[in-house]
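You will see subunit A twice below: alongside subunit B first, and alongside subunit C after that.
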Partner chain A sequence: MAKRIDEMKLWLRQEIDKAAWGECAEALGRGEGELFALFAEVDRVHMALRGIGSDEPRIVTVKVEEGRYPSVGAHHAPAIRLERAIRDLFGHEPQGLPDTRPWLDHGKWTITMPLAEKRRLARVVHDTGYAFLPAEGEGLHEIPVGPVHAGIIEPGHFRFTANGETVVRLEERLGYVHKGTERLMAGAPLDHAAKLIGRVSGDSTVAYAYAFARAAEAALDVSVPARATYLRALMAELERIANHLGDFGAICNDASFVAVQAHCGILREEVLQAADIAFGHRLMRDCIVPGGVAVNLKKEGEARLRALLATISRDFPELVAIYDDTPSLQDRMVTTGIVTAELARRFAPGGYVGRASGRAFDARRDLAYAPYDELQFAVPLLQEGDVNARVWIRIREIEQSLALIAQVLDQLPSGAIKAPISSVGEEREGTAMVEGFRGDIFVWLKLAAGGTVLRCHPRDPSWFQWPLLEAAVEGNIVADFPLCNKSFNCSYSGHDL
Partner chain B sequence: MAVIQDLAIQAAQMGLVLALAPLVTGFVRKVKARLMRRRGPPLLQPYRELMRLLGKEAVLAENASWLFRAVPYIVFAITWVAAALVPTFARGLVFSWSADLIAIIALLGSARFFQALAGLDVGTSFGGIGSSREVMIASLAEPAMLMVVFTLALVAGSTQLSTIAAFMASNEVGLRVSLGLALIALIMVAIAENARIPVDNPATHLELTMVHEAMVLEYSGRHLALIDLAAQLKLVLYASLIGCVFVPWGLATPAAGPEIYAYGVAAYVAKLLVIGFLLAAFEMSIAKMRVFRVPEFLGGALMLGLLAALLLFVSRSL
Partner chain C sequence: MSARLEKLLLRALVEKPATIAGPSSGDKAAKELAKTLQDSARRVLGRALSIREVDAGSCNGCELEIHALNNPVYDLERFGLKFVASPRHADVLLVTGPVTANMKTALERTYNATPAPKWVVALGDCACTGGLFKGSYACIGAVEDVVPVDLRIPGCPPRPVEILSGLIALIEMASR
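== the complex of A and B ==
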């Protein structure tokens, strides 16, 4: 089994002892590395990380002894929520973790520690009594918002402490849409698990399926036909464009500038209809499967996609011009909700949140998976870190994605679209990272000898973005929170899993 | 007989503003939807919504006091009276003597006072946020409105709307810079008072950004219907005010014939539609401002009003 891991070019996994684990955590805390994921199995805890300046990401593993392991969150704040989640799911106790409150488990589950070796029937808790962090001072008042909101969005609770209109502190409470996906994954056949993963976060269904398929292929040593890799990239870029268009409009709508949203809605619909004609599903769900893709691109689909590129290239710049030339809109966006470069370095948030604050990371470029190693594209980068910067990153990424789709259509190889997948008769592990529209999605997969999933951990980009939202809102006015929130557009479902 | 006829015409005006109020709101929504290339709800949708709300059970918070229950009726009654006093299709009606601009502002001020109290009454954080924002906006909008009133009173020699309208329709008024400034100030105040973009967004679902909607968030059923109708009446009130002062043509004179009155009504409806269209177009072209920008916006209205009044003193001919 160790041999198998050595063969993997990326994501080399090492078993290390407690002391070395602690050193890793301290190094992260000193800002010498970036944390990609922190997840557990019944007897060990894994941490995916990358040293600053080295492009090779790797995974380190520590054994859980007597239900305990050294906390990473004690040194490196981004790990705190991940460790709280691990404790809720497995019962592993992070030694030295400063925040001992539960995270995903609100005391409403019928069993506790659902992923642990021995699950326990839950104690029935009626009053969960979650202790929010106190903020004291003259003239401060609390505003509880959610988990049920006035709009049709996912549930999450936000506890504001405000001084008049100014936010002094925001604390999030998430976990309301925990679906037990990881438990459903355990023991599932590969094709069933691929379907499950596409339902983790609906807006990123392609990116999740993409990451899962690549992890499974890495584990089983399957090489994917060239045409399939290109079709995957095509779907991923379509998904990115559709979501960025939706976000761009929704951000303007949150500033009560509805005209842009209406036009973005039309363009997004064009993308979805083109995807429907090209791949038979508007959101391209279940189109990517381990081994390749499930549907081939037909002639009429290609024509439709080329027409789509022309439409967006024609209409989108006009919307950008409206956005850029409306002073009242700019007044809302510029300098609102700033994420500092320092915080972006520490939390390593993927996607537009990181790239708007000077973190130049894009899994497509930095981990160069097929077919992006053969395609030309730029990764936009800004330093301002405000809502406006996050909007501009999206605008630039839409332009890049349009160029990528054109390249994919031009260079699309012919041939098979799926390689056969068969079990190899031994336990295998695979890791993959894919750039979704929101940021990098990380999937770690362990397959049983028979080919079923033993353990699968998908890590949503939102894990490292949600905490930054709390920081971004601080010092802004209460009424600007929706705007900041929309410019992050974190996933509740992907985070709560 | 004459008295009965006068009363009937006054009653017709009261009925007219009430009947037209939801239509104006529906029209603004429709125009906005069309400008967004959406089909939009039917023009009559606000009437249906009111009927639906009237038929629904009114849910009250456990700690709501009698004030919370009484406020919708108070607010609705006050706003209706105020709206019915502004000359719409005719001037010199039987109650015109009471249609004093300062009285109308006072009526709206008391309606808002009760509304803000009710927002605080339930003790939810949103009611408090809404009430505090509303009162902040009002405390800035009222001085600006008073400056507009002063300007009009100085020009027309009266604060009575019927007299002002008669004066504005006459040849004596001429072209005055002061009136232009007063019109702009009045429009800015009207936007703020009616919770329209860029001060507030009547269509938002974001509870943290609401002003008026946050204040009335706890209302439901018939209470909400009355509050919605009062808000719609207020929009008509301001549209009528701008119409009768700055576009006073087509107002029927006292004791005119039925065809003159019919003409007056047609002119009134046309004015409402034009104002409604302009409002919708304006709202489409601007984003909502941050709460702390509202004082600057209304401060601008106050300065314009002040300038308008001062200019009258500096030069009577301007």
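== the complex of A and C ==
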């Protein structure tokens, strides 16, 4: 059973000066801590982090003076894209930032610095070129891919530099699906903001709504009825299983093994249909709300979920055995797309990307939010860091999630499913982190005295995974990129926001 | 072939198929199509349509349900519908998302690269109206604000059966 951490003490936020901020950045750069999030308000920049070996994550804040603050990315590479995004959205200048190219802003928005206080300049919409990093050398060629890809996947641009068949470098360009969600949330009533956050990344709609609800409850000191916490975990585990099944099948398909994908597709469909019957929506969108859950689980839904557990427990091990047993599959997966343990330490990627490369972090266990403090589960961990290791982490997580759902159904408390949520007449802040299928989702929320959202920042796990995909494909053949990519399955929408 | 794999494949022969019966084209979708499709566009295409999917800023929820159409339960291809990799091979563009400013050009280019006759389907609330992202500095809004739309399939996301009946209506009209 996981150790329950006092939630009130978690995520303490401290205002610090420029010198102390710089020291934090340097400590991160020396590998003494992990960066969880880096985001801004109109006059300040916040950084969520934790020291290595300490359980307690914290937030530190520095004032933006004359439009500037000391860059974290200057010392700690995982912060670079986050700071480029802050610059695009707020105009805050990170002093010393090594890469000052825009990131989310492609020069197409009707305004610049959309989250800044006053600067809402209309501007001529023009096509700004993007300076990809130069790659020079004999025999090198470039392969540009996207933003519209061949398959049914989200848009993004990949610039490969290859030497014959071998990828020498991959550079990603993202931001194509930036929807301005943070700006839409500012000023929105809590329930509307909850809907928006459920549309940040459709495959993680439960996890996002879950994190947002917990941040709101932390801000407003609301305690959620026990039944609601269990139902939330139930939905979160269903979402995890559905995504892992889909990706496991898709990875096998990318290695031309269609039979496994077909069977995974059927199992995934079973999960979504059971979710539909249990909660009224196949992806369980808008089912978790601040204060609790919007739909109760009835007898019919429970029966369907138990039947689902039986089906997956019967059929899934067979698919796993085939995966393990097929030399042509193993040949494609083993030693392909390696993320070294050293890189995983530096970037602190959540989810299977981290856990396949020796980073033992799972918010359900390490931050032990309810009801996971009362449930039994293991956090699988591997060291190899290749496609195969990421596949195995997902396989083991499906097994753990099945066991978790069984426990939830057996121990499901009775009673209310929602606590009343009301404003408290003063400005409040709340933070939460939830383990989505892809990794930890962080949400920071500031509410106005009247209860509307002043500022909300959701940080997708992909922020710390996308850069590692660039590293993982280096030295692999171009044809193995789809496999590497699928084994990560980073979110575009969650990242671009 | 491994014994395990053989067993798995054999099972498909003895068990009842996972595939469900196909939905009807649905009155609503058919009526809407009748409105939008020009007689001249109703060419016989041999009851087969190639679809190119374009994510123009979706949250990826719509894509998940489009993917589901390919699973053995819905088995899209039995209706003569299949997804293709290039717009140059497509009859239908299936577009999702509130058309982000950063994707507008890509959508226009994809549309222009698709040979006529072509149909555009706006899939999901975002593509139909801009959804919750309407009015954002970063979104154009409905797909029809960028390229002409022939069929709208609302929902957030629409269920696979709803997508299927919309597409079947389209193929019926297109091959008339």
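To be clear about the criterion, the second predicted complex is superposed on the first by the 485 of 497 C-alpha atoms of A that agree within 3 Å, B and C clash if a C-alpha of one lies under 4 Å from a C-alpha of the other, contacts with A are read in each partner's own complex, and residues count from 1 in each chain.
As a convention for this text, a contact is a pair of C-beta atoms (placed from the backbone, for glycine too) under 8 Å apart; a residue touches a chain by one contact, two chains touch by 3 or more.
What you see is a predicted model, and the numbers here were worked out from it, not measured in a lab.
Q: First (subunit B), second (subunit C), both or neither: which does A:Ile266 touch?
A: both
Q: For A:Arg332, decide between first (touching subunit B), second (touching subunit C), both and neither.
A: The first partner, subunit B, only.
Q: A:Phe132 contacts which: subunit B (first), subunit C (second), both, neither?
A: neither
Q: By the touch definition at the top of the document, which applies to A:Cys252: first (subunit B), second (subunit C), both, or neither?
A: Once the two structures are laid over each other on A, A:Cys252 reaches subunit B alone.
Q: Just subunit B (first), just subunit C (second), both, or neither: which does A:Val148 touch?
A: Once the two structures are laid over each other on A, A:Val148 reaches subunit C alone.
Q: Identify the partner contact of A:Gly202: answer first if only subunit B is touched, second if only subunit C is, both if each is, neither if none is.
A: In the superposition, A:Gly202 touches subunit C alone.
Q: Comparing subunit B against subunit C, which has contacts with more of the residues in subunit A?
A: Comparing touch counts on subunit A for subunit B and subunit C gives C.
Q: A:Leu283 contacts which: subunit B (first), subunit C (second), both, neither?
A: second
Q: What is the shared patch of subunit A, the residues that subunit B and subunit C both contact?
A: After superposing on chain A, subunit A residues 150-151, 259, 262-263, 266, 326 contact both subunit B and subunit C.
Q: For a test of understanding, state which residues of subunit A touch subunit C in their complex under the given definition.
A: Per the touch definition, subunit A meets subunit C at residues 106, 108-111, 114, 125, 127, 147-148, 150-155, 175-181, 183-184, 195-196, 199-203, 205, 246, 259, 262-263, 265-266, 268-269, 272, 276, 282-283, 285, 318-319, 321-322, 325-326, 491-493.
Q: Can you name the residues of subunit C that touch subunit A in the complex?
A: Counting only subunit C, the residues touching subunit A are 2, 4-5, 7-9, 18, 53-68, 70-73, 83, 85-87, 97-98, 100-106, 110, 131-133, 135-139, 156-157, 159.
Q: Which residues of subunit A touch subunit B in their complex?
A: Residues of subunit A touching subunit B: 141-145, 149-151, 165, 252, 254-259, 262-263, 266, 326, 328-329, 331-332, 477-482.
Q: For subunit B, which residues count as touching subunit A in their complex?
A: So the residues of subunit B touching subunit A come out as 32, 35-38, 125-126, 129, 197-198, 201, 203-209, 284-293.
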